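Some notes on the structure that comes next.
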Amino acid sequence: VSFVINSIMANSKYEYVKKFELDDRLLPGVWLVCRIDGRGFHKFTSEHAFRKPNDLRALELMNKCASRVLEEFDDVVVAYGQSDEFSFVLSKEAALFKRRSAKISTAIVSLFASSYVFYWKEYFHEEVLRYPPAFDARIVCYPNIEVLRDYLSWRQVDCHINNLYNTCFWTLVESGKSPKEAEERLCGTFSDDKNELLFSDFGINYNDIPAIFRRGSILRWDLVDKMVKRASGKEVQRVIPAVVTVHDDWIKDAFWIENPRLLEGRK
Amino acid sequence: VSFVINSIMANSKYEYVKKFELDDRLLPGVWLVCRIDGRGFHKFTSEHAFRKPNDLRALELMNKCASRVLEEFDDVVVAYGQSDEFSFVLSKEAALFKRRSAKISTAIVSLFASSYVFYWKEYFHEEVLRYPPAFDARIVCYPNIEVLRDYLSWRQVDCHINNLYNTCFWTLVESGKSPKEAEERLCGTFSDDKNELLFSDFGINYNDIPAIFRRGSILRWDLVDKMVKRASGKEVQRVIPAVVTVHDDWIKDAFWIENPRLLEGRK
Amino acid sequence: VSFVINSIMANSKYEYVKKFELDDRLLPGVWLVCRIDGRGFHKFTSEHAFRKPNDLRALELMNKCASRVLEEFDDVVVAYGQSDEFSFVLSKEAALFKRRSAKISTAIVSLFASSYVFYWKEYFHEEVLRYPPAFDARIVCYPNIEVLRDYLSWRQVDCHINNLYNTCFWTLVESGKSPKEAEERLCGTFSDDKNELLFSDFGINYNDIPAIFRRGSILRWDLVDKMVKRASGKEVQRVIPAVVTVHDDWIKDAFWIENPRLLEGRK
Amino acid sequence: VSFVINSIMANSKYEYVKKFELDDRLLPGVWLVCRIDGRGFHKFTSEHAFRKPNDLRALELMNKCASRVLEEFDDVVVAYGQSDEFSFVLSKEAALFKRRSAKISTAIVSLFASSYVFYWKEYFHEEVLRYPPAFDARIVCYPNIEVLRDYLSWRQVDCHINNLYNTCFWTLVESGKSPKEAEERLCGTFSDDKNELLFSDFGINYNDIPAIFRRGSILRWDLVDKMVKRASGKEVQRVIPAVVTVHDDWIKDAFWIENPRLLEGRK
């Protein structure tokens, strides 16, 4: 009974513990990049029979989850994904959660993770999800567009290096080599050696491999035509903002010249 | 082609962007509490027809997700949940992710969120999940057991205050009052007024309401008897550590006297 | 004796306490401003009979201390002082103490404070320093030149507002008004009212007041001619970098157009 | 003129730059240790002909500066100094500057540094101070008395190890050895070897060396008898709190048993 009667007073008495929560606001005026990474995805991909070297279903599911994040958080202006990672770029003017670091990263990563389970069946069909996956996330501040572009280039080069290696590796393995032999064959090779290997030994032109594998996915806002039903029931064409996915090379200046408003987001 | 040939060099060139990631390690020797909260759960509960004032299915789903977190992360020694929030207590010796704050909070919250979708059907059956939910999370450091206990008491008193209010409110509404009338009826009342109201007007003894509603859920490690199948096929009883859920009053000293090893976790 | 024999082992045993020191490195690629402020200078100025509204000796002593800071720390590219405060701008490439925040602010503020006592007599002559003064310091990150310039303008406007007010206040007091009357006379007046008051009632043209009072002091590196004695004993003129003090209006673009390399420091 | 008229408006326009200052409050409920270290004191001691292996004047000057810090900041409960470093312990309830880290460290270090110059002559007499010294400071949080005591023991063991080595080294050098020979003689020796060396070769009993050199200085509040002049002119004895300096071994439990209220400070 004393529990009941004194509860409000008790709460005031305990409320001082809130003061232990420290402010984690991020610097204003800088770009924020929230990058999420799959936790234990080596095991996860093998338990769920992901196709090697790339599983289109998995990449498209990742893209779907990321598009949910863009739609939910206005301050996310562009996203880039490859393998089991996704980077979300928040505008330097972003005021989301007063720029509180933990709020931003946890809201994004939890929506991404719940979406991964929610949309799994849409992409993996009969392949049953055996257990809920986890991701981690971090936020890094980038003070200007030059270094932000270098970050984005870094991830795309990383995508390329890994994909070229994995493509060679799994092609060798499929051709009958053991994983160990494949690894040894590739040890010490440069990018052009690997291209040559694919072309000479297997007739594969690396540039013919789908761009989503070679370059990853850029999710951005664009204006698209859409048929919208009016109250009257009549369908009309409207130009509306929507998240679109491209697989361009954004290391090159050309990309940024052609997409001058990319970092402005939905507006 | 130049993209391909120079990719490794390019990556080294861009790798400097890693230096913008700052160290966010938390103080050693203090208890860490990671509290997660449902985002936009007012809308979420109404879209999914949650029962008022409490939905047992929802609370048990939350508990299930939390037990996944305890099983996954050894350093989480106890957890407390109520409504759409859960607090995870990490040992003061916790070395998880080198105590990097963002890693800990995002790994926990993303596993919780993906579990929420994964296990939804087990608890909500025919009630379809309409969209993936999100949670936020924060980590707070508590330097000693006294203040940690005060934190845990704070959350349990909060549970009680809200539940007593909500029980009265929805009982009034079910009895025919409008929400506005119910609110006015409760305005300015103390805990004992509310108990009296429930008892006199509706014959409800508040203490008969299930403890999970009144006190929330404490998830802890305990040794339980379990039948285990040996290699020979014979079943034998074993004592193994497992996550158990109780609904005790841990504001009182008695609880801590009876559970002296609670904060030691699985060990 | 056991103290002596086991001391090294003891030290290893205690060294774990170093792990409680957390990393406080500041974001790379942003300008750092370390601003120091006199602590308790209201009392300090009255105990040391500072002249009102401005004491040239005090301002020149501050400038001297600041020039020591510029000479000591290469990464400080420019400094701005007024009243009992000084702002030190560190280059966005600054690597001083690996950009550890506490190291930078404490090294600067302690050198400033010890210099204040060390050089006191040079400026205050027979006025005896009664006790050692203290300053506090903080470091703020500014991500680009626009916002850095706005910071510098903010401090210069602050100098102006305070100096105009103080000039009017002390002129009124010297003319026989009580402090209270002077305060009332100035209450609600705008800048042009104050200029008019000085001019009409006292024949003072505010713009004739020394620029160091109206605009504060900008300390910067410049190349200056200096006579240097060679080994042969012969004096020759050399162009060497030196800290120079100016009192320009750097709110205006003109200043930055005329001083395009200001933020490059000594180089 | 426009500068003058619009200054207040200009200031409001620029004031947004204040938002770039981030909160650096330290965790409540933990002990704070602010340790300051001389910067470039190798050069400083040689330029000012410090006596080797210990200069009593220098140590007493350090203690004087530290006592100023204790007198100025109530929250500093005890301090420990050796060589060119000093540690200031702030109570776990300390509310100084709302526990803002930069404020605390810079206020302490600047008062210490200005005091060093201010009191120099009192200890070094005819030895002229050639240039103003600098110190750096850092703040570390310690969550409980055990680890705080380990920190304090760590510094005292460090004092001992260095002093024993330096005593041997300079005794050897004074006896005619070159610095290189002295270093080689000591290489690989343990504490008892060094004690033996001092005793056998030079007749020095290490324990007879003044405790201030062997153990450093503990500055603490105590009640002392003091003659105070009344308004009537009559002198009376009063018990007042004052900073006292001791050179005890506080690694041993005995010290803490004898000084149970040490960490309560002035109260």
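Letters are used for the chains, namely A, B, C and D, taken in the order the chains are written, and counting of residues starts over at 1 for each.
By our rule, a contact is a pair of C-beta atoms (placed from the backbone, for glycine too) under 8 Å apart; a residue touches a chain by one contact, two chains touch by 3 or more.
Values in this document were obtained by computation on a predicted structure and should not be read as measured data.
Chain centres were defined as the mean of their Cα atoms; on that basis the chain farthest from subunit D turns out to be A. A count of C-beta contacts for the chain pairs A-D and B-D puts B-D on top. Averaging C-alpha coordinates per chain places the centre of subunit A 51 Å away from that of subunit D. If you average the Cα atoms of subunit B and of subunit D, the two centres end up 46 Å apart. Residue positions of subunit A touching 2 or more other chains: 20, 22, 27, 29, 141-142, 147.
By the touch criterion given at the top, residues 19-20, 22-23, 25, 27-29 of subunit B touch subunit C in their complex. Interface residues of subunit A, counted against subunit C in their complex, comprise 27, 29-30, 92, 141-144, 147. Every residue of subunit C that touches subunit D in the complex is listed here, in rising order: 3-8, 10-11, 14-17, 20-22, 36, 39, 68, 72, 97, 101-103, 105-107, 109-119, 129, 131-142, 147, 150-151, 153-154, 157-158, 160-161, 164, 190-192, 195, 206, 249, 251.
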